[in-house]
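Same chain, two partners: chain A is paired with chain B first, then with chain C.
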Partner chain A sequence: MSIQRLTAIARKELIQIWRDRRSLWIALFMPIMQMGLIGYGASLDIKHVPVCVSDREGSQESQDLLKRFQASVYFDLVGSVADDRALTAAIDSGRCRIALVVPPDFSRTLRDAGGSSVQAVVDGTDDNSANVAIAYAQAVISGYSADLRLDFMRQRGLGAQAAAPLAVEPRVWFNEDLQSRAFIIPGVVAMVMALIGALLSSLTIAREWERGTMELLISTPVRPMEIMLGKLVPYFGIGLLDAALCATIAVGWFQVPFRGSLVMLLGTAALFLIVVLGVGYIISVLTRNQLGASQIALLVTLLPTTLLSGFAFPIDQMPAPIRVLTYLVYGRYYVTILKAIFLKGAGPQDLLAPILALVVYAVAIGALAARAFRKRLV
Partner chain B sequence: MIASSSVGASVVVERLVKRFGAFTAVDDVSFGVDPGEIMGFLGPNGAGKSTLIRMLCGLLRPSSGRALIAGLDVARDPEAVRQHIGYMSQRFSLYADLTVLENLRFFGGLYGVEGREFEARSAWALEMAGLLDRKSALTSELASGWKQRLALGCAVLHRPPILFLDEPTSGVDPIARRAFWELIQQMAATGVTVFVSTHYMDEAEYCHRLALMDRGRLVGLGAPEELRHHALRGALLEMDCEPVGAALEALQAAPGVFDAAVFGSRLHVVVASADAASAELPAYLGARGVRCTRIRAIEPSLEDVFVQQLGAAARQSRGAP
Partner chain C sequence: MFARIYRLIVKEFLQLRRDRAARFRLLVPPIVQMLVYGYAATFEVHRVPTAVLDLDHSQESRELLARFTSSGRFEVRAVLEDRDEIARVIDREQATLVLQILPGFAELLRKGETASLQVILDGTNSNTALIALGYVNQIVSRFADDYVIDRLRRLRPDLIQVLPEVRMEQRPWYNPDFNSRWFFVPGVVGSLALVIIANLTAFAVVREREMGTLEQVIVTPIHRAEFILGKTIPFFLVGLAEVLVISLVGTLWFQVPFRGDPLVLLAGASLFLLSMLGVGLLISTLCTTQQQAFASNFFFLSPALLLSGFSFPISSMPTALQWLTYVNPLRYFLVVLRGTFLKGVGFAVLWPQMAGMAAIALLLLVVSALRFRKSLE
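Now for the complex of A and B:
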């Protein structure tokens, strides 16, 4: 191994990255774009669900109930519908996701029969949102219901017994405001790095083959290891820069809490980059053309990292066979690490298992990558 | 380590074979080259010249046989061999997005030519290539003649004792080609062993020795003079005949004629005896409706030799079971 030859390769690669505006764009603007897109787009919070109302009584009580929906951040009253046909049309057209129907005898049955019901017609196309919306609606209605009971009891001088005997006092840790953004964004950092790292490094060897410069490179005394390290060192630097850039956007723009240490963040980023760059490099060696290599790099990093890393979709809730599969996705470990560093301020002692998993991956991929390239034309 | 001076080294090729699947690109080729020799490989496209050179540079592994470069077996110790050679591939393969100086610096780094040695060598290479005032220009902006000389500069930056040039002048204008060959001659004069492949016949005359290749086989080997005078059996006639097509067909079947081929608008005919053929052929052709206006004996060119050698090789392979 000659440091001189390695430096020659690295310096050449840096010049080429600098002159190839396409690589530079991928390296610098894709993180910003992806952080923005996913940061804004992939919010799992359900708020401002549009609600239509069909108040068939128009009483004080029915208006009280509807006001509570109006006051909730989870619902927006978007209008009232006169009859069932209008209601169906409103749901069909997507004007509202929930339609509340207050029956004409609402206040009377509430007073006389001691109980009444309100019908909620829910658009179940998106089952997850529908479930959450139903739960919120039930919460609003049971709140109203409890207040009614309290009033009723107080009127009869039973105020003391009226209070609920048991209550949960929740205290949320790590993501105090229960913002899905704080949960998702640290994972996006992992995704951006996996994608950009693999994409950029997948072009390195393929570019030499495609431009016909590989033949001359092979004819020189440079060793395969020097080519690999020399080519990947610049991208390693860019990867670390991207990690810092993404973290800055996460904290500075999306206000995700950052409770860990910078050393921890960059240290684990370095480990993850070894895996990611190694994968891209192996793809590049095997495909020998830039288009094919970048397509494969996209395919093998984007889908598994999006779906199986747990960056947005919790791994605990996946079916058992899929859960087993996630252990193969190296992004999974880094997502776990990043979430713990950002939200919990975790140190190395808390993250031994995922860090060890990444070390194993880095060693294995590194060994494969070092053997992948042979100095032969065919 | 870099070779401290440009002292040439010998090359020995023994029964070298390269197969790609069922196709044999280089078929049982053997020869030896002395230090300081310019060895030319001549042959049509697909003759196996590039494959042979690539094997000698360690870019391709031979299917069988071996090649010794400066006493080192290429297949066993390719990296040691690579330090002793300079290579210019058929396709221009410097980095187009690097400047002239950046390319030189890159190859300097790979060959361990740095510091004051690099300053001296790159200055020499820039002057040789005529690029002293364009060292900051992107390589992609250079005309092909300059690209070619820059590639040569990069290939010899580390003073290799052996130089492999695979069709170095294809696509280069005649004046630039001439200048390029002058450089090659100068390098050989300092003792560098040069391997060069070409399909330009006129370039073959610059070589000390020629290897004629056809379909993977070596069909002739010797100095250009030698090949011209001894490879051709019999004598060569140049004939002006009408119509050319019928004349060619008739001549190929005529008695005392070994071979006939079209050269431009004329016919070159290899015959056993120039005098006898000049006397007999007009009547023979006349009987077959061909009229000849001129017949004269000429000195064979390398092209004549080559055409005849290829024909002989083809007949041999057709005749073999």
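Now for the complex of A and C:
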């Protein structure tokens, strides 16, 4: 292998990238767009859940309870519904996500029989939002209930017995404010790199075949290995640049904490890039046409890295066969690494297993890529 | 005129029949995606990996911890002996949550003071952490309630009957078990139709242009309107077939209920597909090569999927982005899909969505037809 020939190929590729501004644009604009979109759009934080009320008693007590919902940042009272039909219509049309029904005998049963209940009709379509909203509603109602009890006991001289016997003291580590942004954004770095790397590199060889310049390349003394490395080196640079760009946006704009070291970030990014570029390269060699190559690249990278990497959906909640499948998704390891570097400040000793997995992948993909091309040249 | 459109449609289907790769791409990836989404896309939280550290070793502390294990929400993976172990289990992700009971817990309880349960949470996955914390709060408040009542029973048994309490009876509609699959599967139908149809349409026209066959078509007596119709009708039909197949996989394989009227879904799907054809045609008038079409398509798909409410609720987005979702046809189609699958509602509820898609489709088709005329000359 000659370094001179390798750099010549790399230079040629760089010039081509520079002249074809479109791919350069994709490489620079796409990370910014993805970061912005996901940073702002991909939030699971639930606030301002629209609530309808159906207060069938209209007593002091029922109004007190509903006022607590009004005061909570998690709920917006959007209107009241008179009867069951109006309630059904409000939930059906999505005007409110929760409808609270206070029964006509609410305060009477509370006074005479002690226990009274409020119905919460919940639109369960979006199960996650519904679950979180129910937990908030539950908290509001238990708070009201506890205060009622406190009053009741105090009036009977039992104030000392009424103190809450038990409190939860939560200490949240790593993502102290439980912001979904801090959880999701680090994974976007992996997604962007997987996409860009596979898309751009999947086109390089296919383009040469399509334009008929591959024969020219073959007739020169350049070795297959030199072609492969020379072609991928510029994209490697672009990929690293993208990783740095994404990380800068994440930290500078979205204020995601970055507790690890830059060396760790770039080092693991480089490792991940080898895998991603190798995959794109193999696709490119095998399909020989740009359109097919870019479509396959999109298919094999986008879906697994968004769905099976733990980027948004927790892997430990998936069914066992799918969990096994995630071990094949190289994005999985890098997403784990990224979250640990950003939020936990993890160093190499904490991330041995995922790093090792990426190394194995890089070696295997590299070997495959080198072989794939050799065969195709003959 | 109809004869000419018909010939074009036949030509388009012939092309599809000859192109094995294209047929494969139409059938296999959508089904694979549907299966992967159905199984993998879940925000549900069951079996939270938990570690416990009981430094009090009292009857009360054991009772409290037992409630966690019996709730079925938490899976105790480790019983710790020492506080130093907390960091280790969390760092190694053996547990998402550590329940710690400090010495003196039972004594505080017995004295009538407030004892505390310390919960150390790995917040990396904010959603899981938040839901787990909600479960913790529920268990603890029930324990506290029972404890108060127990105490009162000894002091003033007469008051137990009238001790006020307000409970919440939850009535989840449409998806009573909070099954994530029911939420995602109808959405996949829409997002796959989005990905496939706009893409196909854009490429069909751009390919003719790139290969130079567009000129040949132009010199034939075909009108432009006929050409556009002949090009789009096949993809419209392909789109409807896709929606049908994917919906069937969802209802038959994943057992997601379909409670509405299939005709309502058909109407919604038709309007949605029309707007997708509009997007595809518009892209095709903007691009001259397949490469460009691919790139433009990507820049359309990614925001359209994200800003639709497919996996992230629109109501959680910043206001500016919420406004932007109104120009996204998928936003409306997802409401129609979930409305017909889960809610079983009809036109009376869904007409605003239908109107929204119709308006977008009309606008896109008119604009792209006008542009198409220009770009031909």
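Keep this in mind: the second predicted complex is superposed on the first by the 374 of 378 C-alpha atoms of A that agree within 3 Å, B and C clash if a C-alpha of one lies under 4 Å from a C-alpha of the other, contacts with A are read in each partner's own complex, and residues count from 1 in each chain.
Rule of thumb we're sticking to: a contact is a pair of C-beta atoms (placed from the backbone, for glycine too) under 8 Å apart; a residue touches a chain by one contact, two chains touch by 3 or more.
Owing to the predicted nature of the structure, the values given are computational and were not obtained by experimental measurement.
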item	value
Side-by-side fit of chain B and chain C on chain A, or clash	fit
Partner chain(s) touched by A:166 [first = chain B, second = chain C, both, neither]	second
Partner chain in contact with A:218 - chain B first, chain C second, else both or neither	first
Touching partner for A:22 - first (chain B), second (chain C), both, neither	second
Which of chain B and chain C A:12 touches, first, second, both or neither	first
First, second, both or neither for A:33, with chain B first and chain C second	second
Dominant contact partner of chain A by residue count, chain C or chain B	C
First, second, both or neither for A:92, with chain B first and chain C second	second
Per-pair minimum CA distance [chain C against chain B, superposed on A] in Å	16
Contact set on chain B toward chain A in their complex	20, 54, 57-61, 78-79, 82-83, 85, 87, 89, 91-98, 102, 105-112, 114
Parts of chain A lying in touch with chain B, wherever the complex brings them together	2, 4-5, 7-9, 11-12, 15-16, 19-20, 211-223, 375-378
Sites on chain C touched by chain A in the complex	21, 25, 29, 33, 36-37, 39-47, 49, 64, 90-91, 109, 112-131, 133-138, 140-141, 143-144, 147-148, 151-152, 155-156, 159-176, 178-180, 182-183, 203, 290-292, 294-295, 298-299, 302-303, 306-307, 311-313, 315-318, 321, 335, 338-339, 342-343, 345, 349
Contacting residues of chain A [partner chain C, same complex]	22, 26, 30, 33-34, 37-38, 40-50, 65, 89, 91-94, 110-132, 134-135, 137-139, 141-142, 144-145, 148-149, 152, 156, 158, 160-176, 178-180, 182-183, 203, 290-292, 294-295, 298-299, 303, 307-308, 312-314, 316-319, 321-322, 339, 343-344, 346, 350
